[in-house]
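Take this structure first; my questions come after.
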Amino acid sequence: MDIASLIGLLLAIGLIIGSIALGNAPFSAFIDIPSMLVVIGGAGAAALICFPLASILKSPVIAIKVFLNKGEDRLGLVKQIVELAETARRDGLLALESKVADIENPLVRTGIQMAVDGSTPEVVEEVLRTEVNAIAVRHREGKSIMDQLGRFAPAYGMIGTLMGLIMMLQDMSDPSGIGAGMAVALITTLYGAIAANVFFSPFAEKLGLLSRNEMVSMEIAIRGVMAIQQGESPRAIDQKLRTFLPPKQREAE
Amino acid sequence: MDIASLIGLLLAIGLIIGSIALGNAPFSAFIDIPSMLVVIGGAGAAALICFPLASILKSPVIAIKVFLNKGEDRLGLVKQIVELAETARRDGLLALESKVADIENPLVRTGIQMAVDGSTPEVVEEVLRTEVNAIAVRHREGKSIMDQLGRFAPAYGMIGTLMGLIMMLQDMSDPSGIGAGMAVALITTLYGAIAANVFFSPFAEKLGLLSRNEMVSMEIAIRGVMAIQQGESPRAIDQKLRTFLPPKQREAE
Amino acid sequence: MDIASLIGLLLAIGLIIGSIALGNAPFSAFIDIPSMLVVIGGAGAAALICFPLASILKSPVIAIKVFLNKGEDRLGLVKQIVELAETARRDGLLALESKVADIENPLVRTGIQMAVDGSTPEVVEEVLRTEVNAIAVRHREGKSIMDQLGRFAPAYGMIGTLMGLIMMLQDMSDPSGIGAGMAVALITTLYGAIAANVFFSPFAEKLGLLSRNEMVSMEIAIRGVMAIQQGESPRAIDQKLRTFLPPKQREAE
Amino acid sequence: MDIASLIGLLLAIGLIIGSIALGNAPFSAFIDIPSMLVVIGGAGAAALICFPLASILKSPVIAIKVFLNKGEDRLGLVKQIVELAETARRDGLLALESKVADIENPLVRTGIQMAVDGSTPEVVEEVLRTEVNAIAVRHREGKSIMDQLGRFAPAYGMIGTLMGLIMMLQDMSDPSGIGAGMAVALITTLYGAIAANVFFSPFAEKLGLLSRNEMVSMEIAIRGVMAIQQGESPRAIDQKLRTFLPPKQREAE
Amino acid sequence: MDIASLIGLLLAIGLIIGSIALGNAPFSAFIDIPSMLVVIGGAGAAALICFPLASILKSPVIAIKVFLNKGEDRLGLVKQIVELAETARRDGLLALESKVADIENPLVRTGIQMAVDGSTPEVVEEVLRTEVNAIAVRHREGKSIMDQLGRFAPAYGMIGTLMGLIMMLQDMSDPSGIGAGMAVALITTLYGAIAANVFFSPFAEKLGLLSRNEMVSMEIAIRGVMAIQQGESPRAIDQKLRTFLPPKQREAE
């Protein structure tokens, strides 16, 4: 549960609603369903053109990952790798076979399984790195959907405002209606700016950060597996992998 | 048939038409042929300056690829490579000669043919990688045409609006005509924004995605050919290449 | 003669003139010599600050290259290299000496001359690559001048418009003059947008494309020379270099 | 204490306050608490969505680093490394053990400790480089928070202005209130521009510069440790490391 | 003396002054000292926050380098290196000792001195490359100051305009003053655009070009020193280094 992202989202929405409440215009002045359809529908439609249907359907799940990501337990990962290294040192690489099923981290599990099965270190590393690349590509697509939504929302907001202005300018017989017409025209620009700056762009940034963090954990996993397979001492492995932890956690033991 | 892209395009167009229909201005207020000529003609003219005639003439075909791309069958590709590897293991590399004609993937076909003809692995890899680079360059040109159209359409939209404003400002003797004049001036900006955000920019994004996907398949093909030529075991090849598949397909067999 | 670029340029200019003709303002409303001076003169002046005088003076010649570039004859280049390779195979590398003068491509000529003179392959490659780098740098400067002109033209257009607005706002005693004053002020922005989007930016894109194409030909030349010097078989060279050609030309023989 | 940054900040704030004082509008015209909340609160809320809570909470400390960074003492670092090299030359690597506790620079301390403990040069370099990478990642996150604040502040400024305009346009019954309403609407844009250009963007630039400088010091530290471990002569180390100093300090001794 | 940059600067300033003179507003309408302070002072203040005081104080000197750079004498550099190579060939590397003091180019001097002193080629190259990197970093900082000034000047111009608009909108009791108030408000935007597009941005571009040119000369120097130390023949060195010269100068001898 990522409390900061949730607080941030609620805060941003609260500030906008609050400042409307403080003003002397009714809330209804800021609600316009067709405008909402143009902005959100338009941005979504543009994203549908850009990405495969499957990726678009998964994007709400990905958006939820912004809030529901369990923190990375890098220290636990390092400890488990060191433990595996100790077993390998004491009882040989094959002794790890019985432990494979208990390994949580999928990269470490795949790597150790391959090592036990007799794959060469080069093959193990190639398979693991290809896997990590594939995960990075999936992450990038998730972030990219948010980025594109954050780019198309203001664009469709502008399209809506231009349409509103043209409608308004067509009929200026009633001067008293000009202000209201213009207000409605501006609402799509406002919706576009809110959609991009409260939701899509910050979500894209967060997904990028989560991905970079996960990549570090994966690097720990790969280096750990390689070190175990090459028979490095548990102590050396521990020292090397702890370098990836933040300073405070490093001397924890 | 890429249903998502088609749905997205129809949805975006439908939203724009729908929100005009909901408004109280007639449809005709949004149709202006000269404006359309300036924006689409201008963007097309700028693209003609930027790219060779042949590439421009091919661009509608490329745009259709956004909708009519058959999904990549990576699993089938891996299976065929593994099959070829089994034959090579059993009956020797030369036994592949009779199978070359049946290989669908052009990179695998070229590579196996060269291997059978006795080219060294280095030469085979160099030829295949040069080929993939050339394909990437062609893909990039296709995407680049869409990118430039998506950049010039709003620019010519702005040029049209500026011309309209100057015309309108020249003659302000009739105040009642100002609104209509301004509405016409704004139409080119609207056309430019629609051309860029409903068509060209999303098309460019999609072409980029299709190209990146195709590059992964090509990487599978090259690695597969290299592995066959170096006599790796079918099982090892299978394991290595499956890493490129999405997790669900990996254990399919 | 690059017909597409010329057509594109004439089309863009024609569309702009045509849409002025269709409007009800006189042509004279769009002609303002001082505004033209500010935009073109200003962008030129900024470019003079950015680049050496010699490069600026050459830039019209470079702009003409957009229209007057003879297509690359890559197939001819490959054929000539293969011919040289055949001579070298049959009669030894030194037999190429008499042919050096007839080689059109300057990189191939330099490379073969050096090989005949007894330079090592490493030195030949280093000299040729340095040469290609130097050409790439000159190309990039040519493109960069167009890029900067395409960036400064709208900027000086905005400067002109701001000056026009300030002048107009200074004297609003005669309301009837406001429209005309504003029209004049907007003309510099229009000129800047036209200069950038009809001329400079498309020219820069085209120069970039021409340069990338030329780089591929140069890569063919370098690889060809290296292969001849290392005594590869003409058939292998032919196969390797043809990979750089578009698919249609590849099997031409 | 980085006097330039402080002077710059005070100067920028002073110029803005000064030019308000010179104008004929009261200061109160530029103070609007709800607008401030929307801009600063909104930018902060967006940053909360993008970054972990811990990083956001540390960001004021990081902002203070812009002003309170003690200058890098590269010359002192070089001198200390050369001194350690002399001891190592004279009395052997192990003689450094007693000196480890006195080494200020944490990278040099870690590196020498590992060398004394018998780690191979490869392991020492890997650990030190991983450490430097981790520090670079932390620096980049600090800079990135400022960059995002500098990007979201104007965005929320625009959101506030759009909301203000819509409110104002809703009620145009009292023409005399239009000017004041528009002034209030523009204040959020002003706040956003000030927040970005007086605070966040310059801070981000400065943090980037500080980080790049620190990276050079760390490179000196790593190269120094590697050279000591490989037993290079103190004189050669001195010459090599001084190359990283600005010319004036180089011949200081 | 770089005549092009000076001509460009005078031309740009002349065009702006000329087009004011052609208009019917007095010059005084374009002079507003407080506005100038906000734009130039604000951009300078932001730069002070971004960069160390020493770099800012040096920036006028760097700006003058845009005009007062003596052209690179690459041909002379190549000739001197070839001469040194001839001496080294004839009389041995140590014979260069007496000539070191006469070498103008500091990189060649340092490199030859180190070679004479018996440093290994690896150490010589490492020291020279580190030196070139450090120079590149200093160049980049100089360019970066101009880039930031060119980015902050329009930003502070916009801040000034927003403040002016808010002041004007506060007091619309006297309609006749609106035009003048708006004119004053726009002046800061004009100043920002002029500062960026006449001075800072072109200066930054030019500094980048000068730096890239200098880097080529430095590459010649490093390659020359390495070749001399490795005892390559003067003729081979001449051929290799001349490749860095423009075609016309190459065959000059």
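In order of appearance the chains are A, B, C, D and E, and numbering begins at 1 in each one.
Just so it is clear, contacts are C-beta pairs under 8 Å (C-beta built on N, C-alpha and C of every residue); 3 or more make two chains touch, one makes a residue touch a chain.
Owing to the predicted nature of the structure, the values given are computational and were not obtained by experimental measurement.
If you take chain A and chain B together, no chain is in touch with both. Common neighbours of chain B and chain C under the contact definition above are absent.
Chain copies chain C and chain E are related through a rotation whose angle, from the C-alpha fit, is 70° to the nearest 5. Per-chain CA centroids place chain A at a distance of 41 Å from chain E.
With each centre defined as the average position of its C-alpha atoms, the distance from chain D to chain E rounds to 25 Å.
Shown for chain A are the residues that touch two or more other chains, of which there are none. Around the ring, proceeding from chain A in the sense that reaches chain D first, the chains are ordered A, D, E, C, B. Chain C makes touch with chain E in their complex at residues 34-35, 37-38, 41-42, 44-53, 56, 114, 119, 123, 126-127, 130-131, 134, 137, 141, 148, 152, 155-156, 158-160, 162-167, 169-172. Contact residues of chain C toward chain B in the complex are 2-5, 7-9, 11-12, 15-16, 18-20, 22-25, 29-30, 66, 176, 179-180, 182-183, 186-187, 189-190, 193-194, 196-198, 201-203, 205-206, 209, 212, 216, 236, 239-240, 243-244, 246.
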